[in-house]
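Both complexes below contain chain A, partnered by chain B and then by chain C.
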Partner chain A sequence: MAQLVFFNVFNGLIVGAFYALMALGLSLILNLSGVINFAHGGFLAIAAYLAYTLIPHVGFWGGLLLAPPLTAALGLLIERFLIRRLYRRDPLYGLLLTFGLAYVFEDATRYLWGAQSLPYPIPASLTTPISSTYFFLTGYRVFMVFLVAAAVGALFLVLKRTRLGIRIRAGTHDLETVSVLGTNVRILRNLNFGLGIYLAGLAGVLAAGMLGLEPTIGSSLIMPSFVAIIVGGLGSLPGTLLGGLLIGVASGVTTVFFPSATEAVMYVMMGAVLLVRPHGLLGEPGRAQ
Partner chain B sequence: MSHDPSKKKFSRRTLVKAAAAAGAWQLVPRAVARAAGGEPVRFGFDDTLTGTYAALGKNTLIGCELAVEQINARGGILGRKVEMVVEDSTSGDAGTAVQKARKLIERDHVSFILGNVNSALALAMGQVTADRGILHIVPGGHTDAVTGTACHWNVFRVCNTTQMEANAVAPQLVKNAGKRWYYITPDYAFGHTLQAGLEKAGQKLGAVKAGADLTPLGTTDYSSYLIKAQAASPDVIIFLTQGADMINALKQAVQFGLEKRTHLAGAQQELEALEGLPPEARVGTWVFEWYWKQPGVPHLDAFVSAIRKKTGKVPTARTWQGYAAAWSCALAAHAAKSLDGVKLARAMQGLKLPPEIGLMPQAPFYRAGDHQLMPTLYVGQAQAGTAGSEDLFHVSQLVQGPEAAGPVEDSGCKLTWPHA
Partner chain C sequence: MSRLRRAAPASLAAVLLVTMPWWLGAVGGYTELATRIVVLGLAAMALNFLLGFTGVLSFGHAAYFGLGGYGAAMALKYLAPSDALAVAVGVAAGTVAAALIGALIVKLRGVYFAMVTIAFGQVFYFITFRWDSVTGGDDGLTGWSRLPLRLGPLALDVQHRDLAFYYFVLALFGIAAAVMGAVLRSPFGRTLLAIRENERRARFLGIPVERHLWLSFVISGGFASLAGALFALLNNFIDPRALRWDQSGNFVIMAVLGGMRSFWGPLVGAGIFVVLQDFVSSRTENWMSFVGLFFVLVVLFFPRGVLGVLRRRASA
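Let's turn to the complex of A and B:
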């Protein structure tokens, strides 16, 4: 039993890292623009399908390299022509727009690539378990954890060290002041949206290697990301990372004792956090209001 | 304030006139058609065209469309052309499925309802169609209750019950894999009844349950369940998940190398799922409800090439189910010489599908006692093939429907007729 729990904690961290990657993109957009991007799963699916289409021409690694920036470019366009128009309005409008976009993306992928699941090829070197005892540690999952760690590291570096990152962080706290100080807020929001969608794209390509590639791939992954943000705390990127890891572990451990509640436990956890600490584990009280 | 030409042109009076004209337009063709005795007979298709089961619903639709083309080419139904009215029920919202069924009956005046892939939606639609007295054929919702405890005088089912599938596959599971079974079961009606069916069938053969996990519908990550299943050291991990869940679960199990440690198998398997899996994950013993490649089945090649012409791919069991369901409507109308619901249902009882529609080694028929089609079940093994392969299943045993279904009394169905 102890070994089973240990295995599931370990495995939960791997799964959680993936949730965190999706949630970080969502969190970036929410923090700066106040838009709850329901279409995040749709962008994820588009990236996965783009990679699938590119793989015969550029191989697995080429797909992994090219699909996320292409999806981010689509994100920049969507932000520029649709989402930007709604910033001054009630947040509900942005929510409705992205909710609608999620459906548009899902049906567009169904129209372009078909409703049928597609087999997404991954290199043979990544498909085998690297240890006989820890059979759940396949080459692909270890690679995924490293890539997530690298992406998160790079993101935090961008936010800490670059001018763009510093402006994004400043804008998260007080966008008006940042604007008054001469930053073009429109461009800032646009680039930030693109950065968030890039992370969604990366998550999409990684997900396609583990799951069946079908039009609902994004919508089935989006809810854990929202939960990760709320558990971790609105406005806090380290919180989102922690939230993602925690729900991954909680789901894994629940499997051992109460398997049908693996999904429900995320929401129970969210409810508990909201009751005890409404601004989330690492969130700032002001942001939760 | 500003000059707006559209406002100037579009007055209230114009709107009223337009509405009246549209209303008249709606009436005229129907009146003309009635006068000519040529108003089409309508099939109402209410199935899963979006969401998790979209691929299955779409393949069902393709089969229905081919059947309708053929029915019309042979003179239609009672000398009238057949027309399909297609509605998306969504994959999981019973409210939408019921609302669409009502719309098809009340507004489109359909004579037949076809649907649904999702068992829960099929059951909900059955209530509506029974109330309205419309013949309803369920091409692909498997839970036992549809032709069991919740059966209706007007509801007939083409696909198998979960108990039939369990009974058909259980001996092969024992033979190929062993007797300690671990279940990974989707947490809804279909999964529960399929697991119960397998436990019942397995018990008779000495199989024991090594463990079972209920997984929420739409689960993406199966790793924690697989870790637990492996720890129980079963002879076989039985996957009862369907659609995307089946693909996710099997793909991850094979990535973990579990097929080298134990057997991976299940009951119902579909070509749609095998096509979505990478070749190395196409493993295990399963039941197919119909297969496009079977020696000694007359007319099979013609059907396969007709579907290939439409879609570029071979038909799946779902395509055949849609085809058989739509053709059953025409056959029933022909036998009843009427479109009256009760007369049609009476004609369906015991109806045998002719070889060009049955497309199975033995002619399937609708059992009169519970309205369940008695087809052939195809037990066999998934085969890897290559990335673009079409032949992904090797049939090793054919099980006849009545043998798999057991006596009609076991179904729990008690038919109550409206005029009885």
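Let's turn to the complex of A and C:
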């Protein structure tokens, strides 16, 4: 029993890491541009399928390395030619446009790669369990946890130390002042969008190795990411990370005791948080109003 | 004069709706399609009560629509063989859910409000999806059907005659539209418009903004669940897709496409959307791409909607 709980906590942590990775990208875009990127899951799926196509040519590691930046490049183009036109308009339109894109992406992956789920090849060195007692601790899972941790660490480092990161953070507080001080806000938002999509791409490639490839992989991961942002607190990236991990573990543990509530538990948590702290666990009180 | 101007669109809508089974049939449609337009039009108008007239973006209205549907279906399957009871149970289920969730979210604004409504919309999807012993799970709830209506000696066979069912739906639609219109013209409705235009000023005037938003959310959710109940009766079937996020998005695009600043706009939008979806999905497997592109094109080139553009032409 203890092992079962441990297994599901660990599993929940991994799933939560996906949610967090995806939610961090969503949060970056939302905070700086005020757009809820409904197509985020679509970008995730495209990255995963792209890696699948690349692997026969460049190997597993090459796919992991190449697919996310290629997807981010697509993101830069989409932002430049579609999403940028909507920044001054009611947030409704950004939501509708990315919603339409999500449809197109999902359908495109189905058209190009088929509706059936595809097996995602993982190198043999990563599939063997690390110990026989904890048989579920395959190298791949441990590797994933480390990689997500590294990616999140790198993201926070970029935001804290680099010029781009500092400008992104400043822009989320007061974009107008940042613009007046000589930063090209258009480019800033474009790069920020690309950064968010890069994170989604990374999550996609990793998720494909664990969950397998299906056209709906993106739309099944995006809803929990919204919940992660709301639970963690609007406007706070550490909050988003915390929210992702929390709901991942919560649904992992619920799987043991009450499997049919695996998803519902996240929303119960969200309701509870909104009741007690409408701005989320680590959010800034004024931001949501 | 103003009375006449107000009555004109409503009379035009009434004439078009009453005659729809004929003229839609003449251009290649069928009665069930007409019923679907009216039902989804009601849902889009209910959403627009919130979106266009209160200025609050809900992207999760499929939840209340779907709960109305499941309420009606489960009442017919498990409770009693009565269409009236089914509709009542459906509306009650959706309205109660809207009241509970509305209370949690009225303090949020803008995109954040939208995001929370999206997320909450999914709760009911997962519940119906997982709880298959009661809801039928992914396969949907079957083994029931709508029944003939009986009122004393009068009987209307809405079960087998599609046309009779159309007029039954249209009657309920007419009542719902009249009530929504009356609410919007009342002092309460005008206050909602004031909140939409300038929330801070409304607050300074002493208007309890949160309570108004909550009431508007409940009214909107209530009419959406009425539409959902009728939707279930129309199909003699309901499945979790009725309350998934894509259905919510469809309602929003219907409202925008028709024109969200006008009362009848969402109905026009629903008409265009339903006919287009019917046409595209009968011809290609990739209808999702078409619908998605359609969303993008509407947002980029047609954000005011049909009636918004017409009205602009008229005043220019």
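Going forward, the second predicted complex is superposed on the first by the 281 of 289 C-alpha atoms of A that agree within 3 Å, B and C clash if a C-alpha of one lies under 4 Å from a C-alpha of the other, contacts with A are read in each partner's own complex, and residues count from 1 in each chain.
By our rule, contacts are C-beta pairs under 8 Å (C-beta built on N, C-alpha and C of every residue); 3 or more make two chains touch, one makes a residue touch a chain.
Predicted model only: the values in this text are computed from it and were never measured.
> Just chain B (first), just chain C (second), both, or neither: which does A:263 touch?
After superposition on chain A, A:263 lies in contact with both partners, chain B and chain C.
> I'd like to know which partner A:107 touches here: chain B for first, chain C for second, both or neither.
After superposition on chain A, A:107 lies in contact with both partners, chain B and chain C.
> Go through the superposed model and pick first if A:212 touches only chain B, second if only chain C, both, or neither.
first
> With both complexes overlaid on chain A, does A:58 touch chain B (first), chain C (second), both or neither?
The answer is neither, since A:58 touches no partner chain.
> Which of the two partners, first being chain B and second being chain C, lies in contact with A:118: first, second, both, or neither?
In the superposition, A:118 touches chain B alone.
> On the A-aligned overlay, A:12 touches which partner chain: chain B = first, chain C = second, or both, or neither?
After superposition on chain A, A:12 lies in contact with chain B alone.
> Please report the chain A residues shared by its interface with chain B and its interface with chain C.
Common interface on chain A, chain B vs chain C: 106-107, 110, 260, 262-264.
> With touch defined as at the start, can you tell me which chain C residues reach chain A in the complex?
Chain C residues touching chain A: 51, 57, 59, 104-105, 107-112, 114-116, 118-120, 122-123, 126-127, 130-131, 245-246, 249, 252-253, 256, 286, 288-289, 291-296, 298-300, 303.
> Using the touch definition from the top, list the residues of chain A that touch chain C in their complex.
30, 34-36, 38, 82, 85-86, 89-93, 95-97, 99-104, 106-108, 110-111, 219, 223, 226-227, 229-230, 234, 260-264, 267, 270-271, 274-275, 278, 287-289
> Name, in rising order, each residue of chain B that touches chain A in their complex.
Residues in contact with chain A: 50-52, 54-55, 58, 187, 213-216, 218-221, 223-228, 230-231, 244, 247-248, 251-252, 255-258, 261, 272-273, 275-280, 387.
> Which residues, counting only chain A, touch chain B once they are in their complex?
Listed in rising order, the residues of chain A that touch chain B are 3-4, 7-8, 11-12, 14-15, 106-107, 110, 114-122, 127-129, 135-136, 138, 140, 207, 210-217, 220-221, 251-252, 255-256, 259-260, 262-264.
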